[in-house]
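What follows is a set of notes on a single structure, which appears directly below.
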Amino acid sequence: MIGHGLGGYFVRRLLGSAIMLLLVMSAVFFADRQIGDPARMVLGVAATEEDVRELRERMGLEDPLWVQYRRFVLGMVQGDLGDTFRYGISKPFAHGGMPESRKTLPIAAERLPATFVLGGVTIVFAILVALPLGIYAAMRPRTAGDRTVNVLSLAGVSIVEYWFALILILVFAVQLDWLPTSGYGTPAHVILPALALSLRPIGRITQIARSSMLDELAKPHITAARGRGVPITRIASIHALKNAAIPIVTTIGDETVNVVTGVIIIETVFGWPGIGALTVDALAIRDVPLIEATIFLLVLIVLGINLVIDLAYMALNPRVRLR
Amino acid sequence: MAGRNSRHALRAAVLGVLALAAGPAYALGGGGELVIVANQEPQSMQAQVTYKEVNGVGLRNVIEQLTRLDPRTNEVKPMLATRWEQVEPRVWHFELRDGVTFHDGTPFDAEAAAVSINWLWNPENNYSVREMMGPQITAEAVDAATVAVITAEPDPLLPRRIYLGGVTSAKQILEDPASHDVHPIGTGPYVFEEWKQGQYWTATANPDWWGNTAEDPYGEIFFDRLRIVWRPEPIVRAAMVESGEAQVAMFLTKEECGRFDAKDGIKCIVKGSDTFLQFRLDYHGAAPLLADPRFRKAIFTSIDWEGIRLNLMGLGEALQGQMLPSVATGFHDGIRQYPYDPAGARAIVDELKAGGADIPSVHVSTRLGSTPRNGEMVEAMGAMLTSVGIPNTVAVEEPGVFNPRAVSKPTPERAYAWLHVQANPLMDYGATFGAHFSCGGIVSVFCDPDFDARVAEAASMTGKERHEALRALVKEGHDRYVVAPVGLLQRAYGVPEGFAWEFGPDHRIVAVNMRMN
Amino acid sequence: MAASSSVSRPGTTGEERQARVTARDLAAALARDWVVLLAVVFLVVLVAAAVLAHLLMPYDPLLPNIFAGRRPPFSETRGLDGGVQLHLLGTDALGRDMLTRLVYGARASLSVGVVAVAVSAVIGTTLGLFAGFLGGRVDTVVMRTVDAFQAVPSLLVALFVLFIIGGGLVNMVVIFALVRWVVYARLARGITLSYRESSYVEAARSIGATDLRIIFRHILPNMFSPLLVLATLEVALLILAEAGLSFLGFGLKPPEPSWGLMIARGREYLREAWWMITFPGLAVFLTTLSLNLFANWLRTITDPVQRWRWLI
Amino acid sequence: MAGAAGTARHPAQGERAGAVLREPLLEVEHLVKHYPVRGGLLRPGGGKVVRAVDDVSFVLHRGETLGIVGESGCGKSTLSRAILRLTEPTGGRVRFAGEDLLQLSRREMRARRRHLQIVFQDPFASLNPRMTVAQIIREPWSIFKGVVPRPEWDRRTAELLVQVGLSPDDAHRYPYQFSGGQRQRIGIARALTLNPKLVVCDEPVSALDVSIQAQVLNLLAEIQEKLGLSYIFIAHDLSVVRHISDRIAVMYLGKLVEIGTWQEIYETPAHPYTQALLSSVPVIEPEARGERIILKGEVPSPLAPPSGCRFRTRCRKAAAVCATEEPVLETRGAVGHLTACHFAAPREY
């Protein structure tokens, strides 16, 4: 049974994620067909029936639904999620009957690096802050320090992110003039948005780190180690942390996924040119193909994160056999 | 604020060193990069977008037109055309400036100008700039330096109207029309560099700009580079100027403006615009009662227009119950803003109800981000309508929902009101009626063939006669409760202290009219 | 309890402790922890105020008085009826009393949270219970669905669906219920699985109890406290989600006085009228913090081992 | 109830009170319970099964107590649950009062449960901690309406509590407020509420302190005497069942290896496994039992039981035939009761 090993598991998991992605995108595909004629939406109410029909043909909307769906799925396999007729283009028929359009997936994929930078910095920062806090609290349970950490971490998950983001801009960019208000490009630009996004992960990871460390520290072998006179910080870092790692890693994964959702608002506030801001733009102009592309990538990222977390989980605890 | 000053000093020093090191490539410039923070990203970079400043902020630095408006007098002045005359009632000849080239190196001549003009106003293309068009415009080359612009009907406003149409490379239009959407190639003082969607677009100073050597340039190049960024949050826009990240922050609120003026190092520039805020109630609603002048009067008098203007619109001037200010052709001095009379409005509603009428629900919508606090305004309007017994819904709609409707022609399904901004740089009711009050108008709210006929008649007139004819139509429109003007907007910009900027009511963000002292 | 050491079956001690917790114990424990006590008092006051808003609040939450807009806290204005109005927390841009709107906003925000949580908890718990209890194909179908839902972040799904069907209170509740039921299903299934094979469920079966009876009499009561904890956390989460979606324009629609909408509106006045964004922001913060503190405490009180934490 | 002394192969025990009625109450024939081993989505379990109960047959008479003994994991608990259909058997027949329980629908089976009750091993886990004693005892009455009419509930609850040695006042207390022995009494009371004909006692005392074990066993014996029920009494060693069983069955890896009367099993055990079990029971006169037999090795995995005789891997008498031929449960040679061993013989001391 072990012969199938990690590789087999990885392949199965990958297959599962692909099926998941297909399901989600199929749901998105059929949902999108419910919000009215995309061609009419592109051309506006003033366009003639003839123009609309021409664009519908060009968009493939005149085909039976199953043909459209098949094309959609096949396109997805080839990394083609269709064309936008709106983003960066305001009149599809502006060029002598040849409708202009652009592929959506490259437009959306171009935004990924910025989101990865922001998300990565956020999560790394959150881990660096949260782990020591959680361990600190766990080693002094029920003291004032523990209670403070507890309330602070709960406060972190209770705050409205964009509200906090605006306060950060006011304080650090305007009043103190330490950091740029918004934008993208230098390391200084990432600090405020990452700070705004990291509050929730810091809170959650601290909570989990604290409670799983508490569980671990209560176990007999730790008590025994203490009895042998091993210093408490060493106990925390070596003995307990290793065992407490699984719930912590799971939470880090969950929070990374939450950050992916969080960027939608935070990127807009900070003018951060990531996929989140693009999603908001696409929603605002009701650019259905572009929305599909952004959702595709966001779901792909989330599935990827889940996969990585599962593998980390397996690596940490080889005995755990997942379905 | 010592910190900020020293920081600015440092910044200036660094820039100075950089400028020295690079050495001026041409005599002008040396002002470093100009960063403008707008409230929204351009939806495209087409030449037609230049007709409205908010849809393509800064595009006028790359794309020029045949004529321009003088910032001080608002008169039509030469730009790419040096002279023009009406050779026939329907034909105008424009004599073109010599030695101008597009940024792609192709020469600007009559042939190129004709291609560009025909492209812009082409009914096939159906660009929204057509809302500003009177009779259909076409163009053809007369000789190398003269282009003829022909209108379907006589159009006395043409030299002013032609100022709205940006001129771009004919080579691009003919050979690569797709890139016209995203890569503007004009003749302006700045050469388009790149549009990083979601982030910024940039342009660099044009050493070969005709204005560098011409006798009558409309400005001079001070800034070496141009960068346009966008932030939807007003506080972020303001903060960017405060922290020195940008030099021009668009559309501050009245209160922000006051704060900027009170603070060292930054200031607020306020200027009246040609943009007015209006409330329109469609005349062709599904509910028959919407066509009843009594009901329309009830709606128009249930809203406290002056209260909304003073308390919510912020910076702006009153309008006298009509869309354009007193300088406009056709202005009627005999009418006043619709009075606020909730008791009277309620009485009408009660009377209609007593007569067995079914009061329809009115939907009041506005577009996200079109002007500060429009959400509050529609909310106030909704509450005021409710208080006189008119059911309603209000909404701030995303551009994707609002825009297609805003350019729709009247249909019987339309039974809604909207609050929106409209620019009328022509300051002439002929143009306003054409867009808003005619059956074929691209943003029309009103359709009455008889009214249309009289508008068409007035549009071909000139002088006093035109004024009187339009004036009568203004009065009629007012009495039919079609459009309630809320106010003429003033736009406010946050800039650093020492920033000089000369601009007219059209509020074009033209870098050659700006400098940093 | 003394004899419990001779019992090896895991979980038994947890049951013991749960069974021992009485209302009085809870009250005593609460009184010892003043931070949580404050949170509970805040929540009680908030719910009472929200329910009784129309009795407690003298002003209209919707009627604008545009000449009295943006007044700072403790201002007095002349109302539309000519009377003097005192605004403890100031007025908003349309001159409406902030406190009144906050209290009515509590109604909207709490009802979004509570109704959606109630609906999703009922759906999720039922499905999880039956999946765990019946096992086999039902379990496979339900759990695969749960996995599918959990693979996609629910806020993203909510955003997309609200984009398709439009915002508003009812749609929001429906969407939240549809995307959040999975957390209850997981929890309920986990608990059901751990009790399904337990001796006392077997004992119930041996006396001829039907499946329904076993579920309702013997399994469901064990879920009560973990479900309560989870539901409390979920209310907090949904209040935050409401704020986020309203910010993007896909949540509640004006003129409804919701906290999310008030924050979204207030952000334009951050500099000149700090109270317009600060108070609704604080309302959301304090409410979610209180809910989180309460849930955290409840969890510790009812199950010190935090066994079921794994089930979320 | 009177001394209708049995004849044939099952002589009644003289010293045990009560007599064994000849009428069979429960007939178990070829009962089989297999558990399939589950594999993953893409890796099925290969059709492997755990043979927890493998072809078990026996008869239980009215008023009789059958002890079933075996090491933990031998399938005795599964057997008891399969008989009661608390787990669905894979095959075989369970005839209760002449009716095959396995043929009944779930609904019909529920109706029969009135007569078939069980007392569980773990007195802590088998009582719902959220219910009071009264609620626990009365739950069967609310399921089988009419057995005890509602007005009688209070009186009957008190009676039952007294009968199992508790106080009527205990009715409103919760299980956690009782000691282990007391809880087991509650469990017994619950098993008696419906006047069952058969009670399966699944190691009812193994979780209790030794001092309390005797009390509970005596209580069970008393109740049997009074009510004339039949017991299947499961235990993992022979000492416990000794005092309460009329007959004893010994189980090893899902199969019965020996079955006989109290005397036959204790005095002339014929299967090496039974002998080994007996030798480990502490007795007052150790020399009477002879040298202690230590079982070699571990119980083999039920997934892959040894071929032939399942006990052969640990058996001191094992020979070649044991690996090839599975011994049948039958009487052989000098042994008057059923054994499943090729070399069955009373132990020579």
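Which chain is which? They are A, B, C and D, in the order written, and residues in each are numbered from 1.
Simple rule for what comes next: a residue touches a chain if its C-beta (ideal position, glycine included) is under 8 Å from a C-beta of that chain, and two chains touch if they have at least 3 such contacts.
Model, not experiment: these values are computed from the prediction.
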Higher-contact pair (C-beta pairs counted), B-C versus C-D: C-D
Let me check something: if the centre of a chain is the mean of its CA atoms, which chain is farthest from chain B? D
Whole-Å distance, C-alpha centre of chain B to that of chain C, is 47
Between the Cα centroids of chain C and chain D the separation in whole angstrom comes to 50
Take the average of all CA coordinates in chain A, do the same for chain D, and state the distance between these two points in whole angstrom. 58
Quick one: chain A and chain C, Cα centre-to-centre, how many Å? 23
Can you list the residues of chain A that touch 2 or more other chains? 166, 170, 283
Two or more other chains in contact with one residue: find those residues in chain C. 267, 270-271
Touching two or more other chains in chain D are residues none
Which stretch or stretches of chain B touch chain C in the complex? 233-235, 238, 253, 255-256, 259, 304, 307-308, 310-312, 368, 372-373, 375-376, 378-380, 382-384, 386-387, 394-396, 398
Parts of chain D lying in touch with chain C, wherever the complex brings them together: 81, 84, 86, 110-111, 113-114, 116-118, 120-122, 124-131, 139-140, 143-144, 174-176, 179-180, 187, 190, 193-194, 207, 209
Which residues of chain B touch chain A in their complex? 3-4, 7, 41, 43-44, 46, 49, 124-127, 177-178, 180-182, 195-199, 229-233, 235-236, 239-240, 242-243, 245, 368, 398-401, 403-405, 407-409, 411, 442
Please give the residue numbers of chain C that touch chain B in the complex, ascending. 62-64, 66-67, 69, 93-95, 249, 253-255, 265, 267-273
Chain B contact footprint on chain A (complex, rising order): 41, 44-47, 86-91, 93-98, 100, 107, 110-111, 166, 169-170, 173-174, 177, 180-184, 268-271, 273-274, 277-278, 281, 283-287
